[in-house]
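Order of writing sets the labels: A, B, C, D, E and F. Residues in every chain begin at 1.
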Amino acid sequence: MMQQREIVEKAKKAIETLNPGIPFNIMEVCGSHTMAISKFGLRQVLPKNIRLISGPGCPVCVTAQNEIDAVIELSNKNIVIATFGDLIRVPGNKSSLQKERAKGKEVRVFYSPLDALKYAEENPQKEVVFIGIGFETTVPTVALTIKEAKERKIKNYSVYSLHKTMPEALRALLVGGSNVQGFLLPGHVSAITGSRIYEFLPREFGVGGVISGFEAEDILMSIVMLLKNYKNPTIEIQYKRVVKEEGNIEAQKIIEEVFEPCDSTWRGLGEIKGSGLKIRDKYKDFDAALKFDIKPVGDEIEIKGCRCGDVLKGRIYPNECPLFGRVCTPDNPVGPCMVSSEGSCAAFYKYGA
Amino acid sequence: MMQQREIVEKAKKAIETLNPGIPFNIMEVCGSHTMAISKFGLRQVLPKNIRLISGPGCPVCVTAQNEIDAVIELSNKNIVIATFGDLIRVPGNKSSLQKERAKGKEVRVFYSPLDALKYAEENPQKEVVFIGIGFETTVPTVALTIKEAKERKIKNYSVYSLHKTMPEALRALLVGGSNVQGFLLPGHVSAITGSRIYEFLPREFGVGGVISGFEAEDILMSIVMLLKNYKNPTIEIQYKRVVKEEGNIEAQKIIEEVFEPCDSTWRGLGEIKGSGLKIRDKYKDFDAALKFDIKPVGDEIEIKGCRCGDVLKGRIYPNECPLFGRVCTPDNPVGPCMVSSEGSCAAFYKYGA
Amino acid sequence: MHGVFGRVLCSVLQVWRIRGDLMERVLLSHGGGGTMMEKLIEEVFADAFDNEYIRAMEDAALLFGNITLTTDSFTVKPLFFPGGDIGKLAVCGTVNDASMRGAKPLFLTAAFIIEEGFPVEDLKKIVKSMAEAAKEAGVKIVAGDTKVVEKGSVDRIFINTSGIGVLYEGANVSIKNAKPGDIVLISGTIGDHGMAVMSAREELQFDTPIFSDVAPLNGLIEKLMTLGEAIKVLRDPTRGGVAEVLYEISKMSGVGIKIYEEKLPVKESVKSACEFMGIDFLHLANEGKVVVVVERDYAEKALEIMKSHEYGKDAEIIGEVNDSKLVTINTIYGTSRIVDRPIGELLPRIC
Amino acid sequence: MHGVFGRVLCSVLQVWRIRGDLMERVLLSHGGGGTMMEKLIEEVFADAFDNEYIRAMEDAALLFGNITLTTDSFTVKPLFFPGGDIGKLAVCGTVNDASMRGAKPLFLTAAFIIEEGFPVEDLKKIVKSMAEAAKEAGVKIVAGDTKVVEKGSVDRIFINTSGIGVLYEGANVSIKNAKPGDIVLISGTIGDHGMAVMSAREELQFDTPIFSDVAPLNGLIEKLMTLGEAIKVLRDPTRGGVAEVLYEISKMSGVGIKIYEEKLPVKESVKSACEFMGIDFLHLANEGKVVVVVERDYAEKALEIMKSHEYGKDAEIIGEVNDSKLVTINTIYGTSRIVDRPIGELLPRIC
Amino acid sequence: MCIAVPSKVLKIEGKIAETELGGVIRRVSIEMVPDVKVGDYVMVHAGVAISIVDKEEAEAQRGLWNELMEVLNDAAEGNS
Amino acid sequence: MCIAVPSKVLKIEGKIAETELGGVIRRVSIEMVPDVKVGDYVMVHAGVAISIVDKEEAEAQRGLWNELMEVLNDAAEGNS
């Protein structure tokens, strides 16, 4: 503990020294960072002008409502919905997987998609669809199950891909102007992708970023690094023990083999070109969207009144959203900022400012 | 009540008057008669030399063990076993439907086979097999479901026919000599068949019979009638309000349409030629035996040590069977006389002599 | 639905044994109670939990000299049946079990196991019905528990109630108290609950005008207990029916019981439904009736008290205790026979 | 697993509401407790059963001045887990709930709902384990009930236990007693039961050396109660975990609680498994632990007493009561944050 | 075997009749008793009417015991 | 998002490794880290090892704060 306090003291001193004095917003775009910041109480370490704001960092929370509706549609077809635990509370337009399970649909939670594949193999009489949710960290893991299913001829397994990728979403946040002075970039996404995908940030928008680990000292160090470089924005790696500049080449190959980019709709943000992944033609037998002819339900997914986009971009506080606390609460979330238990709106609801 | 006691008094007097003095064994061959006799305490009304003995009167109890095994075999095939409540406790060689249900097989009890047919119609994704158990009373009812299934093209319904018929079994009991001086003949079987099927009894074996109703006064009257005619054995109908000499022609037609005679094995009695019914070729799509290629399991069904045959023929008392009370008990019955709660062995076990 | 393990006579546990096999699996028995496997239950529960309270084999355990404790779990299909629902059943069942020991029920606990997806509206109806029954019985529900389990892990909802009561002054009620010469009464018509539930089952396709008798009997019992020690045995003939209760009294008191067929109060509709399905009404469950054994001299007084109460208006003297050790019935034909105990599930029969 | 409906904070009931819809169906929540729908539960149970006992919101109701009554139903998957089984759980859970009111548990009831086909061998194992736990706790199982239901109507076996205890002399333990300045202790390592059960689930495919802590705490509490009124609050952090218990104390006593991260006793293996699955160990259930609030001057003495007992050897002073009305944690980084309440099921997460 | 119960026909709809006994209603098939009329009693076995109860015979039976006793008395007198 | 946990490789069998953290064992796919050896630490996400933890970098990081402070102190001194 002495050690931890010492580091915090050092960090405080460093941040003080490097404090540019101007309002300095650092956006984290990884839910694990959001959680770590909250868990370690790191906001208390920072001077008032240095704010940590939460971006669209939870791949589950940004899943569009009509995509949830599509999954529910799937569950009506006597299909086992295999999913990560995170997804089952996320509401669609009228229901959630949790609610559908209560009505008798078969919804199974797995720790690993490989376990879902195994389940399909051991239950050949059942049709198992894994709901592919997650950013680049998770994509190769899901891709692996598709490759294996093909190799091992497991015909009752397929994936409904709702995967999203980071770079184009960051671009969408910045286009049209933002309040963000620096990014805390996701450590595990970057372990797969490497750091080069972020180079457009300083180049095109003049905003720097640091790929950070998840310990308190990692995050503090990353903040220090952002402050140090704020006049010469650049992309740096703090989390070097895990992230290489080139990323994980094997994992990238597996993604490339199975998936190709597509447009994707983000809850609260709308459609973002090239920000999704779909299963390549070669693996079309394992694409639940084709196999069961499933599409997002309804044309538009705009949530009336939801100001998530503005919250995510740091333009308004959650309580400035007309739905906040009235229609939209943690038990009954509307937008992604409330769906995620660490989202800006959820945090604001639970703890006040 | 006064009325009932009066009738009993009259019956007592009549029986006394007519008592031939010699040992006079009256066999009832209908479980409902057995039950009624016990329920009304009618044995107490009779003089010592007039004994009521129970024949193979329960169509469920005489179902062979390897037929039960065959039904269990069926239940392994993801098939819904539809059955009368009576059958589920009856043991096969290693199990019973009750035990199989406990293991997760789908065994459903119906009051009417028509309800089972309806169930099949309402659950087209399930394969429903009705276990056809029963004597002539029940046969047309089951035949009706087969006709209807064909007419209404209900393809997921079929019947496994274990039906048995009365006349040949009576013959088998008498062949080789018996202790029976008269038969209390089944009222409801006869409502279907009429009385002529029994005419071989006096003709070939010199034993008379009365088709009896099920009230105490019916049975007492029938006994009186048997005593009256014992020197000129004949077949008479006491239960005229329900039974006609010609029986129920409509019902006979339905039986004839759907079923044809076959040999059949009776628990405790062995094979009796022409004592069973199988589904005619015309309705073969509704014959579960053909549809699922089901046969009685194992060649022989002899129960080692079981003396049911002798008990049924009135040759020994139940406690003279080596299995009685030791291997064979009501909770764990071996032979039909113990399987039936009103069987001779069960009664002997529960009440002593 | 009884209080003590030893007395599983009326429980629904039965175990199948095939020729010489050891018992392997617990088997279902809807209509419960009866002959099968007292021995086995003893093997599983009685030995393990053995103590003076368990051995007493009463509907309720007697603690601290005058406090009774009892528990029952309730599962019923359908949940809502003519005359009641699982909630009313759960409150009355435990109110009655305390009463059967000669105690005034005061406090209940209520524990719910609910299937994921169960309609909240139905839950509210059940809870309301429990509250009403508790109010009628004058008991308070003082502690509870709620568990929700995965779809398919429970058939909609199960409720457990446990109850505490305090003995009435001068009460000396026990299943072991019956003596030859005592008189047996029943508080009303037999088999209403069992047949109401059975004929409400969709798959049987019967329509009957039969309503469950489910009711709290503590008011009736309180009046009866003014007769003090003259009240020897109280027992509610729930699962296993009147037949099983008579058998239990006979066994535990070491006596015989003779009942008169002509005196048994049964509704015409219940009798008819029994005939359709081949079931003995003495095996049907009752949820608002009590079998009373009373000293002979107090029998008429007891009958009068019962008849003066709403839930005892059809009460009858139905028999007497003797030393035969058998439970017998005098038929309307002037004959006599042994009363059958139920075995296994009550199922409609054709034979 | 708590005593009173109002306190469903730690129950597993939660109800889903979609935008403006009324609550329609009861939803599952494995890891239970937490934020969702206290309001709704009140709507269903609290109003209907309202009385002074329910309103007290304690683990056990207090009757006749010194007798406690409590009930809990137990469902656990798997039935047999490292360190225990459903039988041990059922006895300890109710023994502990009586203890948490400052009472000596004396008598239990046990009601079983068993699925047709359940292996008798397993039933015997469970019953044996109950008997052993009862023996260790010095309680008697005095009444019981057994129901067998159709295959598919229950997931193997559920057990309800209700329990009666008698207050220790001088006991004045209540969830409402915490005052600023009081000290908070825990009797040992956190989260062992919840994680043992979770990692025993086949579908998660984790192998851990974690054993459930399930144990009867009455021995420990009896010693602690020698401190008399200095013992202010006792609460077993079962479903909902330590976080939920702290929240309940805070709410019901109208105080704040500050705990120290560095002082929280947690096994390395539990912490690691939590990291794998993205779960907060403060949300994990414990079945042999107690959170104690004690007068500041008696804190060291209480710690000493706990440490001298087998089930308290890892006890720690983990925090103190203040007037902030919030439950906060001082992190090892010298910062402070609010302790999250669990919401819904505890499920492994990837995000 | 073969439990059958006399039940009164209340209503007929095609091949199905609504029957009643002691207030208990059951819809049964009347395919085997095509001549049945409302008001008749039928014997119901496993959901099917297997025969119409012959009212005249039912009446006749009631007197049978008396007839029998007379016959027997006569016989006894004749014998003694 | 993306919870990943450093876990020690105990055993390798083809494409699967047995990994351990604080006594917790989980079998994970090592398809994406083909160079992994027993004794290495891997980051495990959703049952798959997504990278090998670089021991040297991990060591190096420990000294970083001191380096940083020196640089900052120097800078401060240089500034003042």
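As a working rule, contacts are C-beta pairs under 8 Å (C-beta built on N, C-alpha and C of every residue); 3 or more make two chains touch, one makes a residue touch a chain.
Nothing here was measured: the structure is a model prediction, and the numbers come from that model.
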item	value
Equivalent interface positions on subunit C and subunit D, same or different at half	same
Rotation angle (°) superposing Cα atoms of subunit A on subunit B, nearest 5	180
Chain whose mean Cα position lies farthest from subunit E	F
Intercentroid distance (Cα basis), subunit F paired with subunit E, Å	89
Where subunit A and subunit C are represented by their mean Cα positions, the distance between them in whole Å	59
Rounded Å distance between subunit C and subunit D, as computed from the means of their C-alpha atoms	34
Touching two or more other chains - residues of subunit E	1-3, 45-47
Shared interface positions of subunit B, touching two or more other chains	7, 31-32, 58-60, 84, 101-103, 111-112, 115, 134, 138
Subunit D, residues touching no fewer than two other chains	25-28, 116-117, 151-152, 205-206, 276, 349-351
All touching chain pairs, where touch follows the definition stated at the start	A-C, A-D, A-F, B-C, B-D, B-E, C-D, C-E, D-F
Contact set on subunit B toward subunit D in their complex	101-104
Touching residues on subunit A, where the partner in the complex is subunit F	7, 10-11, 13-14, 17-18, 30-32, 57-60, 84, 111-115, 134-135, 137-138, 140-141, 144, 186-189, 191-192, 217, 221, 224, 240-244, 248, 250-251, 254
Complex interface listing, subunit D residues touching subunit F	199, 205-210, 268-269, 271-273, 275-276, 278, 349-351
Interfacial residue positions of subunit D with respect to subunit B in the complex	116-117, 151-152
Subunit D-touching residues of subunit A, taken from the complex the two chains share	1, 4-5, 7-8, 31-32, 38-42, 44-45, 58-60, 84-86, 88-89, 91, 94-96, 98-99, 101-103, 108-112, 115, 119, 134, 138, 216, 327, 330-332, 334, 341, 350-351
